[in-house]
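One structure, as structure tokens, below. Some questions next.
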């Protein structure tokens, strides 16, 4: 009897889309206003989804307090009120698109979760643009 | 040509997380403030998702008025403004975690739906904690 | 490394549920107030979900500006502030239920997307009634 | 000790913006796509706000069940799944802009409320366009 | 130059509407399912609104971290995961309607805020029922 | 017969809270993580509220298309995907707190609106922190 539990979290960050292998002109052409060298920013809303068996005694897939704490330690503290390009090592050489941020979040959380749990991530860059990553 | 139709509903209920096989101390340690013996409560927001073929004549997977009525009879009337632990027989011996409530809802609705429809349930305990159950 | 990107859009339209093969009495019985011959209407909220590989250079599955423009051209311009039954050719002989509208949207967008992308559509007729279509 | 209680409701309707005193060309110029002669439509979300004293015994400003029933009788039944221009007498000679609909709703509800209650109306035509009317 | 800052918070609680001066029959007649002796519950969503001058140096009306902490101490800790009727002294002799809860919250916060600030409270009992209290 | 029409808009921007008259240490103490010298950012959601008489012919307080265009020209184009501290002249010497941003928006829009309209601004920095400015 597998079920998926979801936990919402959020962080506010600055970023800039930029490909270091390209000229400024090409970056401007491809990324438009998202390439602003002075950065812009977003309220990222995150949904962490964990799938597993329901424990017979607790009735839990996972203790939500532990999941909340894990998200705080691994994602909110290092990402919140940060400049993703400058302050967060994972994006030193990775363009912080919402796709790549979701993959990084998935990878950081996956290693900390029990191996028998499946993980997926939904990340809202804005209420109108978001991604889902299942880790395939 | 299969498609999934979703219908939102809601009920407001009190509950308490508690495992009868455990001591009060262990219950307190595991469930924390959710173990309050005087209960707390939630506005549960429910999404019922039914998958099937689109009927050629009606253009419906299922008549939403019937689905709305079914949810009202099976879920809203017995659960709304109730104490799940005390008033709802399904939770006499089942800890009313959001996971277990979703499984109970799925089971109650599944037996009433035509056999060729697939069913999944999304249940929000709060806007920040929710589950999805596909009935596997 | 496959990921799904989602883009929200919206259009406001009038419609009437009606099966031309049926008598007025049967239409009234089946579709109720949705059969009003003078039409009613909705704010349709649309989520277009595109799945594919993340491009190494851009960090994109698809350029969201292109996706936004595609949705505008294919869906918003022909559907927004229209009477679906009267003004939109796809519904001349197809009952504009939310199921059928989602299938039409999927078909219109699918032919315009690169072949290696998967497409699914979530369409809200109201905040309480919505559908998801993944393609056959 | 005055307090304001708010109750949400909703109705789905077709309408067309049109000024009978103007030529078709002027109507088209002023109202644009909202002037479509075949109509378009919206999910109207309504917030009814009633201000008054808290009753010492009930703790209520007004019984929400009565307010809900009043909104159903006066607004939802006559407006829901209707064409405002064609089916609703109040808009036979009044352009059904969201401003005018809000005023009509205020007038209909005000006469049914106890005289010592103040009334205001918030009406969403879309999640992006809405009005508030205090009845001044 | 006065401006209003708003901070959202939330707590989940059980309650029962009941007037001790009335018979059980009258309570049942007036409060209906809200009178369930076993309690039901809600996710209360709270908006605390503070009006004042913008400080020239900070650009703040009030430090949001202090306001967040104040709400946590005065409201969230004593109310969250509690039975309002049983666990919260303010409702020992006051019916915990959403109107009365809002007044209690206003009174608790008002005494802790600087005297030159105005305070109002919006409290959602459900997404469909809510109140606003500006103080006497 | 005065009524208020509201229009939603949005912009995504980076910013940093900093008082130039203070030492780095004092800035850090007062603004905490909001003082990050590398900036962070937000999705600002804006509600522009215009109060006036309903025009007898149009049924409008103001043509929403004009209001939408005004917000785009005056606010969205100069603020969206910008670094407020660096790219936007109004914040060269003004700390871009949500309070101050709201005042700047009010001032920019007020001069462009007809004199007989009243204006208020609600600006969300996050879904949990927001301000309302009436221009007193």
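For this structure, a couple of remarks:
We just call them A, B, C, D, E and F in the order they show up, numbering each chain from 1.
Keep in mind that, in the parts below, contacts are C-beta pairs under 8 Å (C-beta built on N, C-alpha and C of every residue); 3 or more make two chains touch, one makes a residue touch a chain.
Bear in mind that the values here come from a model prediction, so they are computed numbers and not experimental data.
Chains touching both chain B and chain D: C, E. Path length between chain D and chain F in the touching-chain graph (shortest route): 1.
For chain pairs A-F and D-E, the one joined by more C-beta pairs in contact is A-F. Distances between chain centres, each the mean of the C-alpha atoms, put D farthest from chain A. If each chain is reduced to the centroid of its CA atoms, chain C and chain F end up 34 Å from each other. Rounded to whole angstrom units, the spacing between the C-alpha centres of chain A and chain B is 29.
Once the centre of each chain is set as its mean CA position, chain A and chain D turn out to be 41 Å apart.
Residues of chain E found to touch two or more other chains are 127. Pairwise, the chains that touch each other are A-B, A-C, A-F, B-C, B-E, C-D, D-E, D-F, E-F. Partner chain A is touched in their complex by these residues of chain F: 10, 12-15, 33-34, 36, 38-43, 80-83, 86-87, 126-127.
Looking at the complex, you find that chain A touches chain C at residues 17, 19, 21-22, 30-32, 94-100, 102-103, 127-134, 136. Against chain E, in their complex, chain D makes its touches with residues 1-8, 49, 54, 57-61, 63-65.
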